[in-house]
Each structure stands twice: as structure tokens, then as C-alpha cells.
């Protein structure tokens, strides 16, 4: 009856430590693993009280009769592994966007042609071959992951060497721009050239699908809407102190109203 | 009622002065007082607001018992002086005044450097004169440096600490009662 | 406009006028005031004409007269408050102001300056004696050379120490009237440059990777300013293609005496090479034997001599549509011992514009002492400029190449745990 | 006139803060170096100086009798137009590349500007005039010229290579414990011990248990005696019976004194406060951290003896004046020298002397 209790933490330990150990279901196998695990790992790490109690030699097993406060079910929780670690080894070919290393915190740092995501994942920004290296010039302790363009290239590059870059672009003949008729018309008559302007034909007026997911007129058309409707605003006169005083008073009143409104809303809520 | 400027407002809460009561225009407060005297019996909203501020019908002890703040006035003063909000604005000199300040500053730095240099040289001179004297004693005294060796051992002389009687700060003027020649060091008990 | 009715009011009321925002804001110069020390112009000039006919720019206070001065082109000097205070000032020279602490300080500085002058004299004599020594007396050529150098350095430092504590020197320098032939003003200019503008230049060069790409090292020692037409270009600014069709004008300020011969090169390390999928170098401008000194700093690249200075004439930089921006770095490189280079040989040899600046630097022993940077990208004026200079890639656009994904690898369930 | 190409790097004698000292690289000789007489006449050099220098002519006394700015200001009928430009130095340091940089601390418009020294402290004059020379002569040890002290054994001992693993191993600790004491240089004219700074530290335990008034009174008291704004510290460890938890409330105030403040404080301490402490033996002989810093404690009633506190003693709530630890940091390398210096300045020591 007590075997599953004893084995549960054991299985957690196996899964937490060395994912490559093939956990067979046979009891003897897990017992031998238990002994090796407890020999190899525990003396180093300070065993938390709950683990050591359940892994005492079998003769003195004690049930968790008195569940000490807070640690009752701590050892029974076992979250899924996050599959961290290296996803591409050194010398492998990667393309931009390939994740090279998943990590918690920045154990490795992005080097040449690599970048770091928001969860410190290191991914490639150029196509090439992965290199794990140290760069004492950039930082004395940090370990870097970089991408080089050809296999035999060694990182880190020598000091102040020109940076190697790829263009990654193709040249495409330029698409003819729809050339609208220019709104300047030149007509030649007896007394020299007469130049006059004509309303531009191709200005796509009217509402269009515009950036910002809006179907609306062009900004310059909206701007001229007031002019079309004939609305005029009083020109700003800096010296008109009386108007400025009236505006100040109105602004103060509005602010007071807003404040009292906020007050009333709060009292009504309580 | 216009409220106080932010800086003075922070002072107000240190002195528990009611925020809005500071009468911006003296005429308003006079009016309130007259209305107050006339209608003593039914305090309207305006006088109620004034009542708690300008004068109080509850006695001082009653106010203290009714849970008013009892912190020591001195502590309030200390807190006011410690956290005074109105820090002085940095100085702003005119061009000529700034150049005069700059000249004085440069001269002062130069003068201090010269003084330090002079003291250093003086100490060096003293040290070198001691060195020559000792060397002369060691080699030139004709007794093979015996007197030199005797003079160098510092047993018994206050090598560890100066006697406390030595340590007297310089003063502007000589002491009133002059040098006391028959002073004896008091015996330690 | 309300302003002129007020002007018609009696003069007394006019004196109490408030500021008009336009005038006072125009000459908002920080601390660039006219010193009171300048003795007033001779009285004769203003007596024959009443004041409001020919207002003195350093004393005028009424806004109307100020506007008249502005229309005539001379701006009123300093703030209105200062001009009002100066109107009835006794104008005592600055060093004679009778402030006791200030005069005591001047005495200390006066004595120190005398001492420095004496030291200059003794150092000059020792320098003369050292140079008159023959080589073997001075203990070998190298020893003599190094001792002479050290003495000259010390002599220069003494000259600066003699003037560093002088408030008038500081005022002249801050008003921009420092004469760069004098070591003290060169020193103050160098210190001011290093406090801010040089840091910005070094940051732009290193962050935009001009330093490792074009040249391995560059420790800027001269202050370079670049102008396209009237506009000054900051380090790393984008320049319109139209503006950069004509060669820029440089203002190179050295902070040491004497004259130098420099080579000026403008290099673009970002020419897209689609076949090789990489970037090429192109030298947009190369000129040698350009003389610059502390006093003559202006160098107009378009006006350099074709037959003895310009090796590669100015090629307007253009960026193809869609290509990343082009970094055009300007390098001022000092020629070894300021000896002129053999122009004909260089002209014959350096014909191709694709030679990298590192090879030029190595072959002609150049040392980079100044740098500047501007950037070009595709804008609406680039097309016409391309047509004007006959740029062959004019109607070609660059698009990002498609990235082929990695070959598909079947998932191998057996390998899962 | 192609002036002689001289200077390359000029920074040694100038104030180091303003000009970074740059190593003199190669010397750049001028194009026409050979033909011109290198040692030009004095006038050439002097011409390079500022001709209209204000420091060249002493002030004629007659010049400024008419100078009376106060009368002129009173005589003005109308007020001067208001000055519009108000420079304010930036409050925060936004890094070296920000265009708006704070002015140096010596500039009066800077926020860190402290007006110049207004007094020459007695303690400083005493030290410069007599104490320094006396200590030098007291500690003088004659070494004949050309005398080199016997080479001492290296302080970190080597491994004895008894096992192959000793190669490249980190050196062993010094003999007797692994604390490396400071090396003591013989006291010469340039190595005379002097007082560098004084620290006044006061731990206020009631600030944690009761309200913050204890801390405020302690802060203003230490600020009064030291003339320096105090710095408060929060508790770092958790001690149950003192009721403190790391980082919850600030329980200590500290004031660091340098220069003029330090000497004034020392003068007050030695002349006014210490003599008036009732039956005070002096500073314990065992005090000192064997690096030249001597510390001693002051009871609250002794702190009240300071003139600044005594003068308005009733302004401080009773029993709230703090006790404090006063640490005298000296440039001496051992306790012995530090005590020698402090006894010369007037601080008595008693009891067993421990170095």
C-alpha cells in the first residue's frame, strides 16, 4: 500500500533529474535507480525535510501522520517539464526565425546574427551555421550563440573586423506608377506660354479602405470639410485678455463640475 | 474659497490648518463673522463650515479626549523643519556677477593649492634636516655612531600616545591666567 | 493691431509697456551678452542725431525701435532688461569693478600670471640651449628629440596656464570671439567639444558600425561639421538625394597650432550587390593634400583644385528603392608628417571607386583624425537624381528574398519519452 | 605664421576633471620644421598669450570712486523690464549624451553648489601647524642613505608541490588566520596620518516599534550637531524581540562629515563635549578596526551636551534625544598610529591598549 506513496516522489525525482533515464516499471529497476539517485544526488543538495522523510530505509517508514503546516501537499505537485535546452547544436544549418536555445533567464546570450525573444529564447536572424562561443572582448563571462554564413568560419571574429552581412534581396523591375495627369496645363499662344491649373483627375476622392482598419475619406478631404460647410472660427487674438479670462473661467467651471461629478459618482457607489 | 498653492498646502497639513478656510479676501471673512453673530441660534451651512474653523465651542481637554491628534507640538515643528517643502531655487547670477564668482573661485583654488604645496615643502624640509642631522651624528660624531644608537632608541618616550596635556587646540588669544609653571600631573587613582 | 495704438500713447505710458513676444523671443541667446567692458562708442556719433533716429543696438529698449533695428538687419544685443540697465551705467571696465573680494582674487591671479611668464622665459631659454646642443652632447638623437618634445609640450602648457584664469578670456570664448591662433582658445574649444559633441560623434560612428566596417579605428581629434547648402547635417542624419547632389562643405577645426595636410574621403560601404548577396564599397569622393589649420577651417569639397587635390570627384549618393539605407562616412585622414602626397601617381593609380578605404590608408600611411557620417535612402527626389547622373539601376527595385524553410523532418514518436 | 607645432596633450597641470589626460602619442613635426629657428624669441611666445588680458595691469585705485550700484538702483524711476530667461540646472542626470547637462558643482547655478568655506577651523590649523610636524618627528626612524629594507616573505604562501594538483592552484592564505592586514608604510613627510572623515551613526530602536517621531528627532539632532543632512537606513535583518523586519521601516540615521564640517565637529567634541561628560575615562583602548578607524559611543545625555542641542534643549521632546556611535576615520594604517594622531588632537584613551 505504501509502495505508490514511496514511488510517487521517486518518479518525480527521475523525471526532474535525468530525462534520458528510461524509467521501466519494474520495481527492482526503480529501487536500484532509487539507491543510485539518493547516493548521487542527495548528499549534494540539501534534502528538503519531506523528501528525506519518505526516502528513509524501508524499515522505518513513517506515515505523514502529522502533516507539518504548509508542506502537506507540496511534494505531491509535479508540473510538466518545459523542454528547455538546446534546439540546434553547433554547426547545424538554420534559417531566420529558427529557435536555437530555450532557457529560463539568460544562460546564453545572442551573438552574431542572433536575437533574444521575450522569454530569453535565442533564435537566428540570418541563415547560416550555429556556433556556441565565448567573446572576451564583448563580455568576460558570458557565453554567446551566433550564426555564421559558411561552415568553416570561426566566431568570435577578430577585433574590429568589418562586419559580414548578407543582402537577402532580389532586384525586381519597378512597377510603373499610375501617373495621374499633372494639374498644370501649359498652352502656347501668341504672347508666350500660358500655364493654368486643372483639377487633378485621378485623386481617388471619396471614402477608401485606409490604414488603421478604417473606411474613410482622405485626411486632406476631411480637413477641408469645415471649409466646404462654410464654418468659420474666431481668429486667435493673443491680446484679447477679456476673452482669455472668460475662457479660463469656463475651463475652471468645467474642471470643478468634473471633480464634483467624480465625487458624486464615488459617493453613489459606496 | 481659493485653495492654497501646493507648496503652502503641504505646510498646512503639517499644522492641521483647515485647507479651504484661509480667507483669500479679508472682506469675505468679516461678512461671515457678522452673519455669525446675528444668527447665533440656527447655524446655516456656511456658519457650520466656519464654526469648526475660526473658533470652537468645545473645550481644549474635550477636544483632546475626543480623539484629536495628540502628537507633541515639538515633534510637529521638527517634522516641519526636516521636510521643509520649499527648497531654495538655485542661484541665478548675471553674467558679470558670474564671472566675478568664477574669478574668485579660481583664485581660491589656486591659493589653496599654493598653501598645500608650501606645507608639503615645509614638512619635506624638516624631514630632510632631521635626516642630515642623524646622518651627521651617525658618521661624523667620531664615536663610531654610539651616541647615534643611544639617541635612536625610543623606550619610555611617549611612542605609543601623546600625553593628553599636549593636545591643546590653538586659540585666538593667550589664556587669561597665563602659564601655570607649578602644575603637576594629577596621580591616577 | 493693438500694438501700434499703444505706441501712439504718450511716451511715459509707452515706457511701461509689456513685452511683445515676437521681438524678445527672437534674440533668446543663452548668456551671449555683450560685455559691459566694451567702452561705449564715441559720444560724437549719437549726439548729432537724436536717439530714436539711430538707436544704439546695445542700449535700445522700446519695442518699436527694436523692430526698426531688426528691419535694418542689426538685432538688439542681449535682453531688454540688460539694455535698460546699461543705459545709465558708468561702464567701468570689468577688471576695475571695486568689489573687494574680487580684487583680492585678481591680485592672487596676477601674481600667478607673472610667475608663469617668468617660467615661460626660463623654459624658452632651456629649450634654446637644448636645441643648440649637438647630437652626441645631448646623448643621442632619440634622447634629444624626446627632450625637445617634452620641453615644447611644457612650454605650451605654461602658455595655457598663463591665460586660463582670466575672466576676459572666458567671456571672449563664450561670446564666440576666441581667436583660434592663440593656444588658450584652442584649448577651451577642444575641452568644450570633448564635453558633448565628440561623444555624440563617437556614439553615432560606433553604433552604426562605421568604425569596424570602413576603418578599424578612429579616435576623432578634430571637430568636423558638414553643410549641404545652408543646412548643417548632424552625424548620422538622413540627407535628401536632391540636397546631396552637390558636394558638401566641411568646417574642420584643429585644436593644435600649425598647419596640417589631410586627405578627405567619403565612402559608402552599403552598395547592394544582388548577385553576390552582399554589400560593396564605393568611394564617393577622394581629395589629397588639403591644407587645414586652426584659423583656416573651411573646406568646400566642390572648390578643391582639380589638378592637385581632387582624385575622385563628387559622385551624388543614391539608394535604390527598397534597399536598406546607405551610410556615407566622411573621414579626415592626416598624411604622415603632413608631407604632400604625389598627386599624379595617386590620380593614375586610384581610378576605380571600389577600392576600400583600409587599403588606401595602408598604402599611403594615413591616420584618421576626424570623422562624420550621413545617410541616404530612397525618397521622392531620388528618381530624378538617378536620371541626372545616369545611374544604371534606376528602374530596379529591391524586394526581400523569400527564405526557403528547412527540409521537412518527419516527427519520430519513438524518440519521444 | 606657421607657429611652431608644439603641443599635443596639455592636461597634466590643469584640473583633471575638465580635461581627460590623454597619453602623448607620436610627435607630429611640422612640414617646415627644419628651416625655422626652433627657439624663437620670447616675444613670439608672449605674442601667443592673450594680449588684452585683464590680469596684466593692477587696478588703478582712482577708477571706481563713482561706482555706487545701490544709489543708481534707487535713482531709477521705473522698474527694469523683467528678465525673461531663467536657467535652471536639470534635476536628474539623464546620462552623458543628453544635451541638457548639469553644471559643475562649483557653478553657483548648480543644485549641488555649496557656498565657499567661511571659516578656517581651529582643529585644522592646529593639525597643520604643530601636530603633523610633531607626529613626523616622533615617528622618525633614521635609515642611512642607500638603505634598502630586507625583502619580506610574500604574504600569500606558495603550495609545497607535494602533490601534482598543486600546479596553478590559488595561493594559500597568509600565516596566522586568513585576514590580510593593511601594509604599514613608515611615516614620512608625505605619509603623516590625518583625519579623513567622521561618521555619526545612531540606531533608533523605538522607530521600529513605535511611531516615526523617534526617527525624526534623532535625524534633526544628528543634523544639528553635524551640520550635514542625515541619511536614513532601513533594517536589514529580522530580529524578533527588537520587532524589526528587513526593509519595513527605517531605524537608523547616519551623517558623514568631511573637510570643514569634520574639523568643526572635532573641535566641538574635544573642547566642549568630552570634558563635560561626567566621570568619563576616555575612549576604550581596545577600540579600533586595525585599519586606522577609532569608534566610540555617546550616551543620549552626553549627546545633549552638544552646544547646538543644549541651546534649545526644550525644543526636543524629553527622552527622545538619540545616543550615537562616532567613528573617526584616519589615513593611518594601524590602530597605533590612529591613536597616536587622535591623542595628539585631544581625544583621551584609557584601559588596555590593543593594536
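Order of writing sets the labels: A, B, C and D. Residues in every chain begin at 1.
The rule we apply is simple: a residue touches a chain if its C-beta (ideal position, glycine included) is under 8 Å from a C-beta of that chain, and two chains touch if they have at least 3 such contacts.
Every value quoted in this text rests on a predicted model; they were computed, and no experiment measured them.
S.K.: Which of the two pairs, B-D or B-C, is linked by more C-beta contacts?
M.R.: Between the chain pairs B-D and B-C, B-D carries more contacts.
S.K.: Among the chains, which has its CA centre at the largest distance from chain B's?
M.R.: Measuring from the centre of chain B, the most distant chain centre belongs to A.
S.K.: Cα centroid separation between chain B and chain D, in whole Å?
M.R.: 17
S.K.: I'd like the Å distance between the centres of chain A and chain D, where a centre is the mean of that chain's Cα atoms.
M.R.: 48
S.K.: Quick check: how many Å separate the C-alpha centres of chain A and chain C?
M.R.: Here the centre of chain C sits 42 Å away from the centre of chain A.
S.K.: Show the residues in chain D shared as contacts by 2 or more other chains, in ascending order.
M.R.: 87
S.K.: When you check chain B against every other chain, which residues touch at least two of them?
M.R.: 104, 108
S.K.: Could you pull out the residues of chain C that touch at least 2 other chains?
M.R.: Residue numbers touching two or more other chains: 82, 94, 97, 106, 109, 165, 167.
S.K.: Looking at which chains touch which, would you call it a line, ring, star, complete or other?
M.R.: other
S.K.: Can you give me every chain pair that touches, using the contact definition above?
M.R.: Every pair of chains in contact is listed here: A-C, B-C, B-D, C-D.
S.K.: Which of the residues in chain D come into contact with chain C in the complex?
M.R.: Touch list, chain D to chain C: 2-10, 12-14, 18-20, 24, 27-31, 38-40, 42, 45-46, 48-50, 52-60, 63-64, 66-67, 72, 75-76, 78, 80-85, 87, 96-97, 99, 101.
S.K.: What part of chain A is in contact with chain C in the complex they form?
M.R.: Contacts found on chain A: 19, 93-98, 127, 159-175, 238-239.
S.K.: For chain C, which residues count as touching chain D in their complex?
M.R.: 15-16, 19, 24, 28, 30, 61, 79-82, 84-85, 88-90, 92-98, 103, 106-107, 109-110, 113, 117, 120-121, 124, 127-128, 131-132, 145, 148-149, 152-153, 155-157, 159-169, 181-184, 187, 190-191, 194-196, 199-200, 203, 256-261, 293, 334, 337-339
S.K.: Spell out the residues on chain C that touch chain B in their complex, using ranges where they run on.
M.R.: 31, 33, 35-36, 82, 94, 97, 99, 101-102, 104-106, 108-109, 112, 165, 167, 170-171
S.K.: Inside the complex, what are the residues of chain B that reach chain D?
M.R.: Against chain D, the touching part of chain B is residues 71-72, 74-75, 77-79, 81-82, 89-93, 98, 101, 104-105, 108-109, 119-120, 123-124, 126-127, 130-131, 134-135, 138, 148, 152, 158-164, 166-171.
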